[in-house]
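Please find the structures below.
Look at the two complexes coming up: chain A is in both, with chain B in one and chain C in the other.
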Partner chain A sequence: MRKQLGFYIDANRCIGCFTCAMACKNQYHQDIGVIWRQVYDLKTEIYPHRERAFYSLACNHCENPTCSNVCPVKAYYKRETDGVVVHEQEKCIGCGNCIRSCPYGAPRHNPVLRKAEKCSFCWERIDSGLEPACILSCPVDALQLIDLATFEEPNAVQYPPGFPKFTSLNPSVRFRVAQSPTVIRRKRL
Partner chain B sequence: MTGNNLEQIKKNLGCSMSRRKFLGCMAAMGVLASIPGSLLRPMDGQAGNGFEQGLEIFRNACPRNCYDTCSIKTFVKDGVIKYIEGAPESTFTDGGLCVKGYAYTRRPYSPDRIKYPMIQDQRGSGNWRRISWDQAMEIIAKKLIEINEKDGSMLGLALAKYSGNFGITNYAVEGMMTSLGYTTRLIGTPCWPAGIDAQNYDLGDMWCNDPEDMANARYLILWGANPAWNSVHSMKYIYAAQERGAKVVCIDPVLTQTAVKADVYWEVETSMDGALALGMARHILDQGLYDRDWVRNNSIGFDEFADYLRNEITVDWAAQKSGIPAEQIKNVAEEFATAKPASIWIGYGLQRHVNGGATVRSVDALVAMTGNVGKSGGGARYGHLRTWGFNYHALLQPRPEGSVGFLGADGPLGDFDFSGDKVDEYSDRPLNMNKTAEEILTTDEPPVRVLWVSCKNPLSQDFDRNKMVEAFKKPELIVSVEQFFTETVELSDIVLPVTTLFEEWTVNASYWHYWLSINEQAIKPMYETKSNTEIAAALSRKMNELKPGSCTYPTEIDPREWMIKEFNQGIYDLFGIDSWQDLKNGPAKAKMHPASWHDLKFGTPSGKYEFKSELCAEHGHQALPKFKEGRKPYDKLRLLTPHTKFGIHSQFVNLDWMEEYNPKPFCYLNPIAAESRGIKDGDQVKVFNKIGEVQLEVKLTDIVPPDVVMMYTAWFRNNPYNCQNLVDDTSSDMGAYKTGAPGVAIHGQFADVVKV
Partner chain C sequence: MNSMELPLVIFTVLSQAAIGLVIISSIRQFAAEGPAGNVRGEWLAALVLLLVGLTASLFHLGHPLGAVNAVKHLSNAWLSREAVGVSLFLALVIVGFFSIKDRLSPGLAALTAIIGLVALFFTAMTYAPPGYPAINNALPLVFFLLTAAVVGASVSSFFTSQEKIPLLRLILGGSLAISLVVYLTVPFVWLSGGTVMHQTGIEYLTSPLYWSRIIIGLALPLAGIWMSRSIPAWIPALVIIGEFMGRIAFFSLTLHASSNIGGL
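== the complex of A and B ==
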């Protein structure tokens, strides 16, 4: 398999601290209202306790990116070398096709520029031998950079509960699901 | 805070929050010409090879009141911060910061920032006018001279300062007060005093193992601590311990983020942690699982403690008090006693009660009787100040000749008071910081005529906010030193704009980990901001101009030189560095044993671990770590107001980047409590008690028990929410010994909720 960079989201380690999300803002200073990385708390149907388990999600840099497929001006390209999906904002005409078509909500509307934008996987940092800002920032190594060509983690899943399953896109993310502790509630009087 | 005030401030600031609007605003003000055009521009994606090309790297350190005291690498281009990262040299920070740290660059560049000295026509009116530094200093200095002449002393000048900035040079604020004479000081600490005293009685000091050493624990109890929110970098050591096979137990009234990462979570009855610890101790005693050799060789009073346990404590009693089933208590007690080394992290939550000090002593006893004190991977971890051996040059200033002060005060001036044991005829007048409102309202002869607030936001963080609003009407002049128009600034007369960490020189140590970081000036101070050191010099200049000899603080200072003056050979030796300049290459770690009390030479009067402390008894408490009841409920629900992950006290929540992820406050209620009150998820509710109320949106969840309502401490810039409307200033049992004033029973509070 060709090199394909991806995010490993270890929800069992993740503490939902939003450090990754803020590290992205720190690196790119997106306009207010534009969020490239979001930390979603899982519904209680998926994890029993509210706001206690999370998926940190940005662009999934899919094998078959719909954003790129629907873009009328080819403002997207997928890098041969590592599979990173790059959005070239200078080419973008703000038609919104990518925003509407991405089932993961990665491309976002920039209301100031009236264009789309999304997670770049920090490809400039990667090309300089650095880790993406979000991954470097994670205090508990819950967010990791992986190459799917060599990634071997038997417990990893691609479509955990709560993460939309779109096999035709083949998103470049893998997850480890969150466990619950033994909870001893106090006896109610 | 009223909506009208906020509107007025916004009007005066004339800016909204978007970056581009901010630039437009600055251009309109003529400020843009003075700063580089690349301000806050996003990365252009043209980096290619050499992403960091053209970037200067500076060293900074987070000076906030937080366990982690992160060491920061700041990347600057053309005088503007482009981004920041954690220092990779520190194994603790390991290249990362926290959610608050990564929002930092929005502080110096925030359009909301206070840019120049301002004066408010009529306190609380919102009618702010810009004045010059010279005008501001003249108003303040004249007032200080006036009150000194009227009262014959400077005691009418009171300082309210605490933990908004722990950078060492910020002790210039205290130094400035001293250099004016004997003044009034609001002393103590709202944070951790009951536990500090408890550890001093038991061990002779507060000293914790290296947090990185938690990885060596074979059993770990996280008790009233929530590092997943409040010390994110400590979590990796907890995970490391777990991965090596250690069992992690979390004890907390709330199913915290840390709790769900533990192996076992105990939902303890709030304030009953002491009963739980004593029940575990009794079982360990009964099973003969305590460490006889350790206890015999290294402690005093164990036999009496054992007698107390046998006579007055049972596991069933502990189970009844704490709500944790007896079988659970026995199991965990046995596991804890037999897994060696085993450690307990005592958080600052369980000591925020009227029985908080007694509780910490019970937990200490549990660690000690199992022989886990003084061992790597063990320890009763609370905090330490062992790496704080600075010169306190900014702090230690002489008084003006002939200064008259207060007679009869002795003892410490707070937990971070390093002024030593110097005995003068007079002293500063101490008031209890934890009863700031009450003290301002009742202090007389002279009353608090001038209040100086720095590194603190009492209106958002101190207790009984309604009373505080009343108290802030009393002084003749209130000066706030701030970066934003906080609720405290709104009730001040003059605000002086202070530098952020990126704009000043200082040095930072931690009360948790063993690292030391330098804080370089990475960018020039924005607008007319000055550091606390420079403000002190500016005031001294004006005082001496108007009345020569009235202030001993130097009138000309070089902030960088003053940072250097804080270093000494002791620090260099402790951190294994030749000079402060070595810290420019990255933070340094103290060459200390990872285990506190590893030499088993305790700082107590006996030199041993004291299960029975006569000193504690002399101070009016029980000599043994006996159970003490918590505060009696006065309303239907327990009110818990812990920290949010999006801020520290009142800081960070107001930043626009933080608002992206945390736009408004919520309170948390168990569905059982909600049902009986007809409350549905997402409803607007009123949380109220005998001292005040607050309205906000409710989230229903099982993370809180049915008898609890929880909401977080915060200060939002566009929302009047304030949890301190509901928290009164009832004292905890301990704290006066080491910090000068008892702590606050922050979690000994009650309230009820209704739908609005």
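== the complex of A and C ==
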């Protein structure tokens, strides 16, 4: 398999602090209302415990990106070298087709520029040998950069409950699901 | 529905109306005995509907001047194919309009109708993306074909000769009846799907817009045709209003897959 960068999301570690989302915001200063990385709360039907569980999600840099397939002006391309899906905003005419099409809600509408935009996987940082801002910022190492060509983690899953399953896109993410907390009860005397 | 989608409502309904009108006009001219009616007026109406729809479609772009670039991705993007299909249809409608004497040549009528159907298919594929599981299938195609049929047949009644009213009544009545069945069934089918599809079904069934559209745009016109021997002018008016309501429902009530991230 060719090199394909992806995010490893450790829902067992994530504490839902939003530092990753803020790091993204600090890095790119997106306009108000534009969010590239979002931390989603798992609903109680999936994780019914008081210590809640979260998925920190951005663009999944899919193997078969629908955003790119539907864009009429070819404003997206997938990098040969590492599979990162790049949006070239200067080409975008703001038709909204990628926003409608991506089931993960990754491309967002920028009301100021009247164009779409999304997570770039910090490809400029990657090309300089740095980690993406979100990964670097996570205080508990719940986000990691992986190469799916070499990634071997038997317990990792691609479509945990709460993450939309679109096999035709083959999103480049892997998860460690959140474990149930250990409940310690006092023995009855 | 966000403000960017209103132009899409106008564009899709009016372009499908134009396609339907051209198809019904061609059927009417050649499939039944009697005078052709006002074919020129009919094609002019199709042209005006299409031009208004296309103008509206520009307003859904953040950068309307970039619209010409929208044909760059013919290899993959249905929207690029749609742009080409609709432009080709527009060109044929213009040529058709200027070449009409009393009738239109059957070859040109058939070609325009076929290209219109192809353009409608491309539009349907554009609006069936993975992001909306309830319509990531053949439903947009069915919905859009029905719009073309009901609006085309009802507007065509303004241009037909009396002899051909029974034919139009048959087409309009049949397509209204099919629409009624389809629109009443689909939300219940969605209820048996995954969470987002199910939720879309609930959104529809609990929406006054959906029920008003069924009554105003489908049930009343169908009853009207049933009871009168002709197609009174209020029927096309109600059908068009109903189609606009239905399309607003299509764009505003259908839920996006990302709305359920974190849920089952």
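The definition used in the following text is that the second predicted complex is superposed on the first by the 180 of 189 C-alpha atoms of A that agree within 3 Å, B and C clash if a C-alpha of one lies under 4 Å from a C-alpha of the other, contacts with A are read in each partner's own complex, and residues count from 1 in each chain.
We take it that a residue touches a chain if its C-beta (ideal position, glycine included) is under 8 Å from a C-beta of that chain, and two chains touch if they have at least 3 such contacts.
This structure is a prediction, so every number in the text was calculated from the model and none was measured.
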Please determine, from the superposition on chain A, whether chain B and chain C clash or fit. fit
Looking at the overlay, does A:Arg114 come into contact with chain B only (first), chain C only (second), both, or neither? second
Note, angle between chain B and chain C viewed from the Cα centre of chain A, nearest 10 degrees, works out at 130
Would you sort A:Val183 into first (chain B), second (chain C), both or neither based on which partner it touches? first
Does chain B (first) or chain C (second) touch A:Asn69, or do both, or does neither? second
Can A:Lys43 be said to touch chain B (first), chain C (second), both, or neither? second
Could you say whether A:Gly94 touches chain B, chain C, both of them, or neither, answering first, second, both or neither? second
Touching A:Leu57, do we find chain B (first), chain C (second), both, or neither? second
After the superposition on A, what does A:Gln4 contact: first (chain B), second (chain C), both or neither? neither
First (chain B), second (chain C), both or neither: which does A:Pro164 touch? second
To be precise, I mean the smallest distance between any C-alpha of chain B and any C-alpha of chain C in the superposed model; what is it in Å? 16
Which residues of chain A touch chain C in their complex? 40-43, 45-46, 55, 57, 66, 68-74, 91-97, 99-105, 109, 113-115, 161-164, 166, 168-169
Chain B touches which residues of chain A in the complex? 13, 15-19, 21-23, 25-33, 35, 39, 44, 48-53, 112, 120, 124-125, 127-128, 130, 133, 136-141, 178, 180-188
Chain A partner contacts - residues on chain C that touch it in the complex: 4, 60-63, 66-67, 69-73, 76-80, 83, 126, 129-133, 256-264
How about chain B: which of its residues touch chain A in the complex? 17-20, 40-43, 45-52, 83-86, 94-105, 228-229, 232-233, 235-236, 239, 250, 255, 257-269, 322-325, 328, 645-646, 656-658, 660-661, 699-703, 705-706
